[in-house]
Amino acid sequence: MAFIPHTPADVEAMLAAIGVASIEELFDEIPATLRVKSLAGVPDELNEMEIGRLMTERARTDGHPSCFIGAGAYEHHIPAAVWAITTRGEFYSAYTPYQAEASQGTLQVIYEYQTMIASLTGLQVSNASVYDGASAVAEASLMAVRANRKSKSQRILVPTTVHPHYRKVAVATAGNQGLRFEEVPYSPDEGVTPLAALSKYENEDVTALVIQQPNFFGRLEDVDALTDWAHARGVLVIAVVNPTSLALLKPPGQWGAKGADIAVGEGQPLGVPLSSGGPYFGFMTTRLEYVRQMPGRIVGRTVDLNGREGFSLTLQAREQHIRRAKATSNICTNQGLLVTAATIYMSLMGPQGLERTAAASHARTRELVTGIARLKGVRPAFQGPCFHETVMLFDRPVAPVLKALASRGILGGLDLAEHYPELGPALLVCATETKTPADIEAYTTALGEVMQSVRAA
Amino acid sequence: MSKVPADLKYTKTHEWLRTLPDGSIEIGITDHAQHALGDLVFVEVPEAGRAVKAGEPCAVVESVKAASDVYAPVTGEVTAGNPRLASEPEAVNTDAYGGGWLMRVRPTPGGATAALMSPAEYEKLQQEEGD
Amino acid sequence: MRTREKVIFEHSHPGRGAADQWPHDPGSAAIADIPQKLRRTQRPLLPEVGELEAVRHFTRLSQLNFSIDTHFYPLGSCTMKYNPKACNQYAMLPEFLARHPLGPESHGQGFLACMHELQEMLKEVTGMQAVALSPMAGAHGEFAGVAMIRAFHRSRGDLARNEIIVPEAAHGTNPATATMCGCVVREIPVDAAGDVDLAALEAAVGPNTAGIMLTNPSTLGVFERRIEQVARIVHAAGGLLYYDGANLNAILGKVRPGDMGFDVIHMNLHKTFSTPHGGGGPGAGAVGVSARLEPFLPIPIVGREGERYRWLAERDRPQSIGRLSAFMGNAGVLLRAYIYMRMLGREGMSRVGEYATLNANYLLALLKERGFDAAYPSRRASHEFIITLKKQARDLEVTAMDFAKRLLDYGFHAPTTYFPLLVPECLLIEPTETEGKDTLDAFVAAMSQIQTEAEQEPERVTSAPHTMPVRRLDDVRAAKQLDLTWKPTAQS
C-alpha cells in the first residue's frame, strides 16, 4: 500500500485494541447515505517508476526554450547549493515553528532573512514573507489603512505603471473591505508617472501611494519626487521593488526626504526558479513604528531559561489564531521554504555577487535592445533609463511575431496588447545574466527573419 | 481574588473609572483584566485631542498570548494618554489602578456613558467569570 | 541535537564570497545609463562567506529542526504525513522549473495537462462541480471561498447577506477571513458531544446570513453527525455552506463534501495531498464549488479544448472574483499534489481516510487505557482526537504545555496544544496514516512515562525540554525588547 506501512497483523492487533471488528466500523457515526459510492474518475495508481516516466514525458513536451520574458518573474542563475539544502527533509518537511525549541533552524533562517531583506530595502523591520509579490501589494494597502490614522478615505493611488496583475490582485483582495484603488496615468513619452498626474489629488484625502521601481515597463520612476509629494500631504508610500535591482538602486528606505513607509515585492529573483509562477514569496518591510500593523509572521531573538540566545515567533497577538476576527490578516503561512532558498541565495551571492548579477542583467538587456532596435520596424517605446527590462514598439502586430519566434524555441517577450493597448504593438522584453552574447545574437537574428514573414500593419 | 478598590466605578468589559478633581475621568483596566492577560508587552493609548465614543474601542493592551481592545466607558475628548506605558507596559500589571492608568478623558456634557458598576457589582461579575 | 549555530553575519569576512556563483563583472560602463541620484550608495548588509561556509551553516541550522523526515509529528489539524520524495523530484524536473508563468500555451501543454487532471481528480474526490487551483494557502482558499459566497449573493441583488456563521470551535482563520471579505461573524455554540447546536443555528440564520463555515470532522476531532440538517437549515434561510478542508484527510475516499451539501470548499493540498509544509509554507488552497458558484471561481483556471489545454482568464470568466496571485498560484506545489494523487490512485485515496482513522482510534484507545482523559469519550475519533490534561493541571500542576515540551525530549514533536480553545488543557493529536504501529506504541509509552514523571518528579516535566538546542524561551522579552534583525554594532 503506497505510503502506509501496516501489515495485516498490525491492523488486526490495532482493531482488537480499539474493540472493533473492521476499519469500516470506525466510520459508523457517518450517515450511510453520505458514504462514497465510487471514485471512478480517479485513475489507477502508478508506482514511482511509472509516475517518473509520465512526468518526464510531460516535462519534455514543454521543452526548454530560450526565455526573454520578464514581467515580474526573472530567470537568474541559482547556485546548486540553494535547493540541495532547501530540500533537506529537516527544512522541507518541518511545520510552522510554533514549538520554538524544536524549530530553531527554521526560526534562525527567518531571522537572518529578515535582516537581509530589511537591509536590502533600507527599512528597519521585515516579516517572514507573504504569498507573492502581488498579494504583498494587497496586504501593504490594507496595512497602510491601519497605519495612516489621519486618513479616513481608504483610497490608494496606484500608477498604471504598476504590474497589471498586482493591481488586479489588490482590488480582488482588498476591495471587499472597502478600499478604493485609483489609477494614476503615465506619461506616454517617458513611461513613468509624472508629478503632474498627481495634482488632481492635491487637496484630497488619500491613504497611500504605490510606487513600483523599476516600473512594469522597466523604467525608473522619479521616486524621490513622488515620495516627497506623498509625505507632504500625509500620504503613506508603498514601494514595490525588484530585489535584484536593489543591489544597484536606491533602497525605498532612502526615497525622498523621509523614505518609503512600506516596501514590498516579488522575492522570486532571489534563488527561486520560474516554475510556472510559483511557489514564490512576497517580501514586506516597514518602519519600526508600524511593526504592529504588519501582517504575517515575525521572528525575534530572545533568551531562554538559561539566558542563552534563541529565536521565537513574536508579536503573535496580531495574528489570526489569537485576534481572530480582528487580526491584521487571515494569513497563517509565510512561504517558508522559499525564504530558506532566498536566504541561502543571498548568502552565496553576498553584496558583491548580487551587484554583479544586477549589473550583468542590465548589461545584457542593453545589448539586446541595441541589437533589435537596429531592425527595421522596431524601436524603443520610451526615453530615459531602465533597469534590465524595456518596452519596444513594433510596426506590426506582436502576437504573430512571438508565435513564430516560439516555434523556433525563443520566447521573445510579453505582448502588451492586452494590458496596454494604447501603446499600439508593443513588446516587453528582458534579458538577465543567464543570457550569453550568442543567445542575444540568436534572438536578434531570429527576430529579423521572423519580421520578414509578418506583414507590417 | 483580584483587588477591586472601593472608590472606583467599573464596566462589564473590565475597565475602571476614576473621577479626577477637574471633572475629567481617568480610565484603566482592572486588576482582574491584567491578570487574565498576563505580562503586557505593548499598550497603545490614544493621543490627547482624540474624540472617543462610549462603547467603542479606544486603546489596545497586548500580552504574548492576547491582544484586547479597551472600550471607552464615556463619550468625550482624550486629554492625555499615559506616556509611561510606551516604555513600561508592565506598569499595567504591577499597578493597574495607579501608575498603569491608560488615559484621561473629558466627558462631553450630556454625552453617552456605558453602563457602570459599583465595586460590589463588579466583584460579583468577577466571581461569575471565575476569578 | 546540535546546540547553537552562530548567526551567518558572524561568519562574514569583508572581501570573502562564493565568487564562483557570480557572473563576470560587466564593468561600470554597463550601468552608466542609470542616473546617480537613483543609485544605491551603501552596500546592503548581506553576508560575505565562502560556499562551504554557507553550506555548513545552513546544513547545521537544518539539524536544529524537527521534521517529518526525522521525527513523529502528531500535530493535530496539520496532517503531518510523509512527503514522498518522488513528488519533489518530479516536480523539479528542469523543464518545469524553467517554465515562465507567462510563457505561451504551446510550451506548457505538459504542465497544463497535469493541472487539468489535478482539477478533475479534486472534483471527483470532493464531489464538487468545478475546481480552481490558484489560492496559495488554506487561508487564501478560505478567502476565495467567502469572496465567492459574497459575489453570489451580490449577483442576485441580495445585498444584505453579510453574516458568516462559525461554530465557536472554529479555526482562527475563519473569523479573520470573514472580516477580510467585509463580512461580520456570528459564533454559535456546539453541544456537549461536539455537534453543532441546531437550535442555536436556527436562531442565528436569517435574511442577513451569507453562509456558514464548517470543518467536518470538526476541530474537535469528531464527525458532525447532523450535517444534513445543518445544510437544510442554512439553505432554507438562503445561506450557503462553506467547507473548511483542514480535516479532509479524515474522510478522503469515504465521504465527499459535495454529497454533504456544501456549496464551496477549500482543500489544503499541503495536508491531505502531502505537499511539504516547508517550515511554514508554501501551501496550496485549491477551491471547489457547486454549479451555481462556478462562474465566480478565481482565475486563471485550466480549460481543455479537444486535445489542447489553455488558460481560462478574464475573457472567459467575466464574473470571476478575480486574480489572487500574480500568476497562477503555487504551481510547483500543485505539481507535487498531482504526483501524489496519481501515485495513490483510486484505491489509495480511500485508504488515506481509512488508515488515518484507524491510527487515530488506536492511539486514542491506548491513551485511554493508560489513564488519559478523552475530551469526547463517547465519540469515535476521526483522523484526530483531543485529550484533556485538566486533571494533571489541577492535581499535579503539570500542564498540557509541559507535556508537549517534555515530549520533545523523548523525540516526538508535540501535538497541537491549547487548540481548540473550547477544551481546557488540551492536546489535539493527529497521527496520520503514514505512521506504523511501532511508532504509535512508542508515543504512548512516552506519554505514560511523562505521566509517571509528572506524579513523581514534576519539575522534570515543568522545566522541559532539557535536550533541545534551547530551553523554553522568554516570549515576553521577545515581544517587549524587539530584536528582529541582526545589527553589527550590537555584537561583541
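Just so it is clear, A, B and C label the chains in written order, and each chain counts residues from 1 on its own.
Methods note: contacts are C-beta pairs under 8 Å (C-beta built on N, C-alpha and C of every residue); 3 or more make two chains touch, one makes a residue touch a chain.
Here the structure is a predicted model, which means the values were calculated and not measured.
A.B. asks: Measuring centre to centre, with centres taken as mean CA positions, what chain is farthest from chain A?
C.D. replies: That would be chain B.
A.B. asks: Counting only C-beta pairs in contact, which chains form the busiest pair?
C.D. replies: Chain pair with the maximum contact count: A-C.
A.B. asks: Go ahead and note the Å separation of the Cα centroids belonging to chain B and chain C.
C.D. replies: Roughly 38 Å, centre to centre.
A.B. asks: Please tell me the distance, in whole Å, between the geometric centres of chain A and chain B computed from their C-alpha atoms.
C.D. replies: Their C-alpha centroids are separated by 43 Å.
A.B. asks: What is the distance in Å between the mean C-alpha positions of chain A and chain C?
C.D. replies: Taking the mean C-alpha position of each chain, the two centres sit 20 Å apart.
A.B. asks: Would you please write down the residue numbers of chain C that are in contact with two or more other chains?
C.D. replies: Only 475, 478-479 qualify.
A.B. asks: Two-or-more-chain contact residues of chain A, please, as numbers and ranges.
C.D. replies: Only 317, 322-323, 326 qualify.
A.B. asks: Got the chain B residues that touch at least 2 other chains?
C.D. replies: Each of 42, 62-64 in chain B touches at least two other chains.
A.B. asks: Can you check the complex and tell me which residues of chain C touch chain B?
C.D. replies: Counting only chain C, the residues touching chain B are 475-476, 478-480.
A.B. asks: Quick check: in the complex, which residue numbers of chain A touch chain B?
C.D. replies: For this pair, the touching residues of chain A are 292, 316-318, 322-323, 326.
A.B. asks: Give the list of chain B residues in touch with chain C in this complex.
C.D. replies: That would be residues 39, 41-42, 62-64, 89 of chain B.
A.B. asks: List the residues on chain B that touch chain A in their complex, please.
C.D. replies: Per the stated touch rule, the residues are 42, 44, 62-67, 69.
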